[in-house]
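One structure, pasted below without further comment.
Order as written gives the chain letters A, B, C and D; numbering starts at 1 within each chain.
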Amino acid sequence: MTEFLAVLVDGLIYSSWLFLIALGLTLIYGVMKILNMAHGSFYALGAYAAASMVGYWLNHGHAPMASYGILIIAAVLVGVIAGPLVERGLLRFMYGRDEMVLLLVTYALFLILEDVIKLIWGVDPYFVSEPYSLLGTIDIANLTYPYYNFILVGVAVLAGGAVALVLQYTRQGKLLLAVIHDREVSLAMGINVSRFYLVTFTVGTALAAIGGALTAPTVSVVPGMGVEVIVLAFAVVVIGGLGSLQGAALGALIVGLVRSAAVHYLPQVELFCIYTVMALVLIFRPKGLFAAAEVRKI
Amino acid sequence: MQRNASHVLRAVLFAFCLVLVSTMVATPGAAQQPVKVGVVTFLSGAAAGPFGVPAKQAAEVMVEALNAGGKVPGYHAKGLNGAPIELVIIDEAGGTTKQVTEYRNLAQRVDLVIGYISSGDCLAIAPVADELKKLTILFDCGTPRVFEDASYKYLFRTGATSTMDNVASAMYVVENKPGLKKIAGINQNYAWGQDSWNDFVATMKVLKPNVEIATAQWPQLLSGQYGAEISSLLSSGADVVHSSFWGGDMEAFVLQASPRGLFKKSTVVLTCGETGMYKLGNQIPDGTIIAARGPFDMYAPDSELNRWFRKAYMDKFGGVPPSYPSYKMAQALLGLKSAWEKSKVQSPADMDKVIASFEHLTFEGPGGKVTMGLGKGHQAVQGMVIGTVKHEGSKVTYVNVKHYPADKVTPPEGVKAEDWIKSGFKK
Amino acid sequence: MAVILNTKGLRKSFGAVTAAAGISIAVEADSVVGLIGTNGAGKTTFVNMVTGYLKPDAGDIFFKDRDISELHPRDITRLGICRSFQIPQLYDSLSVFENLVIALGIRDRNVHGSMLSRTFKLVPAANPLVVAAAEKSMQRFGLLEYRERAARLLPEGVRKLLDIAMALISEPEVLILDEPTSGVSADEKFAIMDMVMDAVRSHGCTVMFVEHDMDIVTRYAPRVVAFYEGRILADGKAAQVLSDEQVQTYVIGGLRTLGTGASDVSHA
Amino acid sequence: MTHTDKTPFILLLALVVLLALGPFLPNWLFLLTMSLGKGLVVLGLVVLLRTGLVSFGQGLYYCVGAYAVGSLSQFASVKNALLLLLAGTLVSAILATILGFLLANYRGIFFAMLTLALSMIVYGLLVKTSALGSTDGFNVAPASLLGKVISGQRNQYPMFALACIVAFVAAVLTNSYLWTALGQLSSAIRDNEIRVEYMGASVRSAIHTKYVLAGALAGLGGAVTALAIGHIDPEMAYWTTSGEFVFVAILGGTGSVIAPFLGAIIFEFIRTYAYQYSPNTWQLVLGTAMLLVIIFLPAGLWSAFARLRRRT
């Protein structure tokens, strides 16, 4: 029983981590129909930025508590700098090209960013573990968890909720939904699609960076940390149904729980479980759990 | 012409001195052609930080000193028999398919190759080295399969296999925790992790037949998130947790596990822990058992050579001490130098002489004596050292340091490591 | 005359909307039938059911006394029922010639067993027979001048023609045209229908066409079936049906608002 | 598109030139052999791309083909190169036939992702099989042909020649297939599946056939690579490997069966030079090269050559 509780808690923590990363990915896909391979690089950028900024802050003996704020600031900075740079500087010249071409553009971008990161931060690991242990720990199912883990859960819920609310209740959000539903019609209706693309991509990038920034204190920030998360995030988004918010949430939850169950009860299969889940979901729901509705052709 | 004469003169004088100080004779003339040494090590990806770059930097320090001559204690002759060493460095990232291709390209440009951290790459390169008749020195990769599955003429490995890491760790654990009943493991889900865990468990089964395996965790390589694994380790109630994690994964594991009290509940053995120690510093809890894949870094002997190496390295790279990959790279270069000068060859042309004198060679590295004792004289054997972390104020020290002589932790010639362990370490 | 196509009590509803509430039509071989009705009256749904694109909720479809209501479009096509589309369904990135060659390639498979066994012997574009057939068809529908133009670049009228030409490639026994002249300028529409009718007459073929344009209906369809809200309002000789009171109010009235020359109908 | 297809003659010319030049560039033979192996996989991918399908899991068949070769020479000590290549192709084709029943229902990104998932599952299985060396894989013994050892030799020419001939045959067959009615269906299916069905052809079975062809070619490519490298490991099934194939396919273009080989060769050369002359930033170089191609040659490198040919 206690082990089962542990499965739930571990699963929940892992899910929120996944969701934070997948959220930006699914948002960008939903609006721009770009499956962004470089998403992982933005995650890494966020981690590096956070690690060096918080490191600087603490080394100068400032209040450790403020480091949480700095994590977020670092991520947002990455978002508002890298996002527009990439969207205006590269992607906007590619719109209208095939989805796969766009996928490859972002793949090229991913390769480039890998080295850019290396040129800026080198290959040595960065640590900022202080924020992780700062808040102390709590015992659940006679296991110790740092409170920080639950901050991650909180942020994930917050981010998801915020995006959902914006889409549902603000005018801009409704317009965005229109763009998601049908780009051509929205254009015809005079919606400034390119502005929405810019905003969406920036927000998506920032979300990836936040994911990275909040992960930084729990890991050693090293080259290549972005590679592994890409395909994970893809799996989550595809399971949920591309471009679907609740899909990403459900996908993250499923993957998170399945993985943590595997770790607790059957560690041998950890390697497959995510892809098996993805394959199974696609076999039974070919377009993911929350598939977009098909329009009648003739 | 004038220049040439002065060259000869200088060379003769130089040679004369050499005769006095050592048996190594650098004969004039040919001694000026540089020997091109290809160095293959991770410059990108996750293995660059902990292994690739420290190794590369060590190569640069050593070559600089060797070419200058008279700096490296015990290796005073310039370069290789007076011939300067020229490094050609390429990235090891990208998988075996790409590495074999790059190895073939590199082989055209250099006289010999030193490199390879990934066991997969080592296995793939091995037959190609013999095919191209290109002297190739593996400096770090751990799998014993290289010389167990086959034997090669042009291939050498100046670092010991990973067998001794885990055999010795198991012995150390048993000696220091005689009461242990349950062991657990967390290892990356790939060949390195699997082999390490298997050797550790096999040794345990021999030393403590009734030991129970609480859980064996297999996170994916570079997954970075170990929450669930740590929970499972915590609830497993194991006395000892074995991990062959390296680099970022190892550091992430420590950062995530120590606030959750895993290091208090059980004794953690990190067989590759050393690479992270300098950066992790106080993050690493007291009582953690750390190995360095040999007598390297903090476990290195207090020899003149080692003192020089540490100083030279730290001077060049802003006070960062060399970690075991640096030591192993230095070891490879010194092995090469010894063999080269023992064979008295003048030019890379007669490489076969170098190879002949490399076989069964014994030489001094910053980590102490290295003997090319296995694989028909192509595979190095070395003693193993393990210790336990103890913080002295803000300073990390290592207590209860145990040395394991080579023959206690490595199988005899012609016996596969796993069979040797299962046989109860028969000699 | 023998009934070639016979539907009995076809029902189909999408959620709350009933698109077909028991459609029963018997079509004689070599006859020409016009289907009229306002938008949403259920004409296209009927066509989609007959051609296997939609499965009827209830009722049966017989083609020469064989029940085809469970078959796929491809099987029905192979049996000899072909259709054209309201929105032309073409291979937009390919030229007119390529569109037809592909159609012919598929027909050859349908006519002569296994595609692989045959096609490895025959590269359609290299086969004089195929090229000749394609050229004949282009010539018949006045497509020669567009031979090498990509389908997506064709004017709407030409797209319609190509769409119909492809439907006719496999010389069907029953040809169903879904609004052949919609989106075509008034001066083109008769030309199009004439071409189609010539082509059809060259080999015996039953024709059923959905139309909003009463000029076309009156000129080409001896028999007319009027649809209204998924039911058949009237079915019989064109003159009767078109003069039928209900048809006048519900169908033609509805269509007049579309201004599709229903004015002519009054003195038809 | 009247059938004035010169491709077979160009291919024959290329074959002759390669075989003739081979002896004079011994240092490039290995790289070229590898490129041809990769080109074969990409050729299969091009067949799918023409149908509007992108597989992110061709690595699966590439790997299975290689492992078929490796296991046969390891455990059944089969040494005949042709036999091994045949085996690699067949095993992949069979697997593709089975998986094809499932995958023929998928389109677009979901096809891509399902193929990716399947190949990653195979990757996982291999990593778990320590009998096959887990991630370290194992070495493939040199194979022979006509009683002469051709792979794992200092002299790369025989292996290179074999690769050339295999690639030539595969390319010619694929090319003639693409000209058949079934082959022509590719663009038809990409453009309008409804019309294809209404013409009386089964989209599903057409896609299935193409998928099997692509799988078989990937298997053949893997087999060639396994013989040339002399070592195989699960990395071949990892998603980044499959991604690289897609990259090369786009780089080369889908305009001709020659394009994949062109793309593969140029890709290998760019990468090798990047590796040797900017070891610290080769990914940056590769990524930039890729962007330039996508921006300036939307239809791939082949389009540039096609233009030249039209001019002359």
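Descriptive notes on the structure:
Criterion: a contact is a pair of C-beta atoms (placed from the backbone, for glycine too) under 8 Å apart; a residue touches a chain by one contact, two chains touch by 3 or more.
If you're wondering where the values come from, they're calculated on a predicted model, not measured in any experiment.
For the pairs B-D and A-B, the count of C-beta pairs in contact is higher at A-B. With centres computed from Cα atoms alone, the innermost chain of the structure is D.
Averaging Cα coordinates per chain places subunit A and subunit C 50 Å apart.
If each chain is reduced to the centroid of its CA atoms, subunit B and subunit C end up 78 Å from each other. A separation of 38 Å divides the Cα centre of subunit A from that of subunit B.
Those residues of subunit C in touch with two or more other chains are numbered 53, 89.
Annotation for subunit A: residues touching 2 or more other chains are 114-115, 118, 227, 268, 271, 298. Across the assembly, subunit D contributes 127, 194, 280, 282-283 as residues in contact with two or more other chains. Taken together, the subunit A residues at the contact with subunit B in this complex read 2-3, 6-7, 9-11, 13-14, 17, 114-115, 118, 123-125, 127, 129, 132-133, 137, 142-146, 149, 215, 217-225, 227-228, 259-260, 263-264, 267-268, 270-271.
Interface of subunit B with subunit D (complex): residues 43-44, 89-91, 95-98, 100-102, 104-106, 108-109, 119-120, 123-124, 126-128, 131-133, 143, 145, 149-150, 189-192, 194.
Residue ranges of subunit D in contact with subunit C, taken from their complex: 1-3, 176-177, 179-185, 187-188, 190-192, 194-202, 209.
Subunit D contributes residues 54, 102, 105-106, 108-110, 112-114, 116-118, 120-121, 124-125, 127-128, 194, 239-240, 243, 246-247, 250, 280-284, 286-288, 290-291, 294-295, 298 to its touches with subunit A in the complex. The touching residues of subunit C, counted against subunit D in their complex, run 51, 53, 72-75, 77-78, 82-83, 89-95, 97-98, 101-103, 105-110, 115-116, 118-120, 122-126, 131, 166-167, 169-170.
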